[in-house]
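Read through the structures below before going on.
One chain, chain A, links the two complexes that follow: it is found with chain B in the first and with chain C in the second.
This part shows the complex of A and B:
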């Protein structure tokens, strides 16, 4: 196991690099390689960007991130906010395309989270918690 | 993120380094839009020092590509590291953007 760690940051874009690097340090301890660490940074960045832009929608708030894991096996990342819930199924699915005319950017963040992590689970309005996003990635996963 | 624009005769090289995320993407987006608004439409994004790009940066790249191509130009990428190339591939952008390992080749592509 790696030591469980927690960080709370103001829900602002200027905190994204801090949040991503907090996750990157834990991922390195688990034993992910550089490309996979980049993918974990992407998932955390996209998740927190969505929270800032949509859940808090310009209002002030906090983002809590908790990370645990097992060396050479997996990392578990839980991100909690107290903003507005949203329905992930309502977000237009991003479909990669070879045609520039068809290329759209809706759902790009959610697509990246699902492409980079093995499990992505949204829960909204959890009593006593708030909105909780749980993401897991295995060292031998995607 | 650090950004600088080097204008050549026909081509502009936009050199970007550091991290492009939602905090820094607006500045990157403005640099690209500034060129396009002035009628410049042949752009090389020099990614040599680029460590990281999130969807916010990818959106800016795609918007610039669409604007340049609709005007008969193009936006190409040069010297992207493995992390950035992996991110581009995750969203299928490797089929939309020409990528060069050498900056001279990127400029000569126009």
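This part shows the complex of A and C:
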């Protein structure tokens, strides 16, 4: 196991690198390679960007990130906010295309989270918690 | 403690001295981390390039170590604007991390990507002569 860790940051874009780096350090301890660490950073960045832009929608708030894991096996990342809930199924699915006319940017962040992590689970309005996003990635996963 | 992300852009033009056959090609070299907190720096540089008569803009990403969807959106918007003037946004020298993200979202098939700045200049010259 790696030591469980927790960080709370203001929900602002200037905190994204800090939040992503926090996850990257834990991922390195688990034993992910550099490319996979970048993917984990990206998933955390996209998740937190969505929270800042949509859940808090310009209002002040906090993002809490909790990370645990097992060496050479997996990392588990839980991100909690107190903003507005959203329905992930309502987000237009991003479909990669080679056509500049057809390319859309909607759903890009969610697409990247699902591409980079093995499991992505949203829960909203959890009593005593708030909105909770759980993401897991295995060392031998995608 | 806040650890701010940083992105630095350098702006220049490509083209042989004395070559007056076409507008100079703006070359933007970015380095650092391209996320929601820094994307406006690149966006402003691209806007300055778009305000010239240039049909083609070269963006050197060799020193960009990280890109999120915020950066991807700006690149797509810029390429569309240049396409509307029958030009292009030519990207060059993607790092492994950036290439990985491009592959995940299909941008590798959507953009003209040069392996080096020299190759990007050659591609841009093709637009000038074409």
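Rule of thumb we're sticking to: the second predicted complex is superposed on the first by the 142 of 142 C-alpha atoms of A that agree within 3 Å, B and C clash if a C-alpha of one lies under 4 Å from a C-alpha of the other, contacts with A are read in each partner's own complex, and residues count from 1 in each chain.
As a convention for this text, a residue touches a chain if its C-beta (ideal position, glycine included) is under 8 Å from a C-beta of that chain, and two chains touch if they have at least 3 such contacts.
Predicted model, so just to flag it, every value in this text is computed and none were measured.
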{"item": "Simultaneous placement of chain C and chain B on chain A, clash or fit", "value": "clash"}
{"item": "Which superposed partner A:68 touches (first chain B, second chain C, both, neither)", "value": "neither"}
{"item": "Chain B versus chain C as contact partner of A:18, first or second or both or neither", "value": "second"}
{"item": "First (chain B), second (chain C), both or neither touched by A:45", "value": "both"}
{"item": "Contacts of A:115 with chain B and chain C, given as first, second, both or neither", "value": "both"}
{"item": "Common interface residues of chain A - those touching chain B in one complex and chain C in the other", "value": "13-14, 16-17, 20, 34-35, 38-39, 41-42, 45-46, 49, 52-53, 94, 96-98, 100, 103, 105, 108-109, 111-112, 115-116"}
{"item": "Partner chain A, residues of chain C touching it in the complex", "value": "1-5, 33, 35-37, 66, 68-70, 72-73, 76, 79-80, 83, 96-97, 100-101, 104-107, 109-110"}
{"item": "Chain A contact footprint on chain B (complex, rising order)", "value": "19, 21-23, 52, 54-56, 58-59, 62-63, 65-66, 69, 82-83, 86-87, 90-93, 95-96"}
{"item": "Residues on chain A engaged by chain C in the complex (per definition of touch)", "value": "13-18, 20-21, 34-35, 38-39, 41-42, 45-46, 49, 52-53, 94, 96-100, 103, 105, 108-109, 111-112, 115-116"}
{"item": "Residues of chain A that touch chain B when the two form their complex", "value": "13-14, 16-17, 20, 34-35, 38-39, 41-42, 45-46, 49, 52-53, 94, 96-98, 100, 103, 105, 108-109, 111-112, 115-116"}
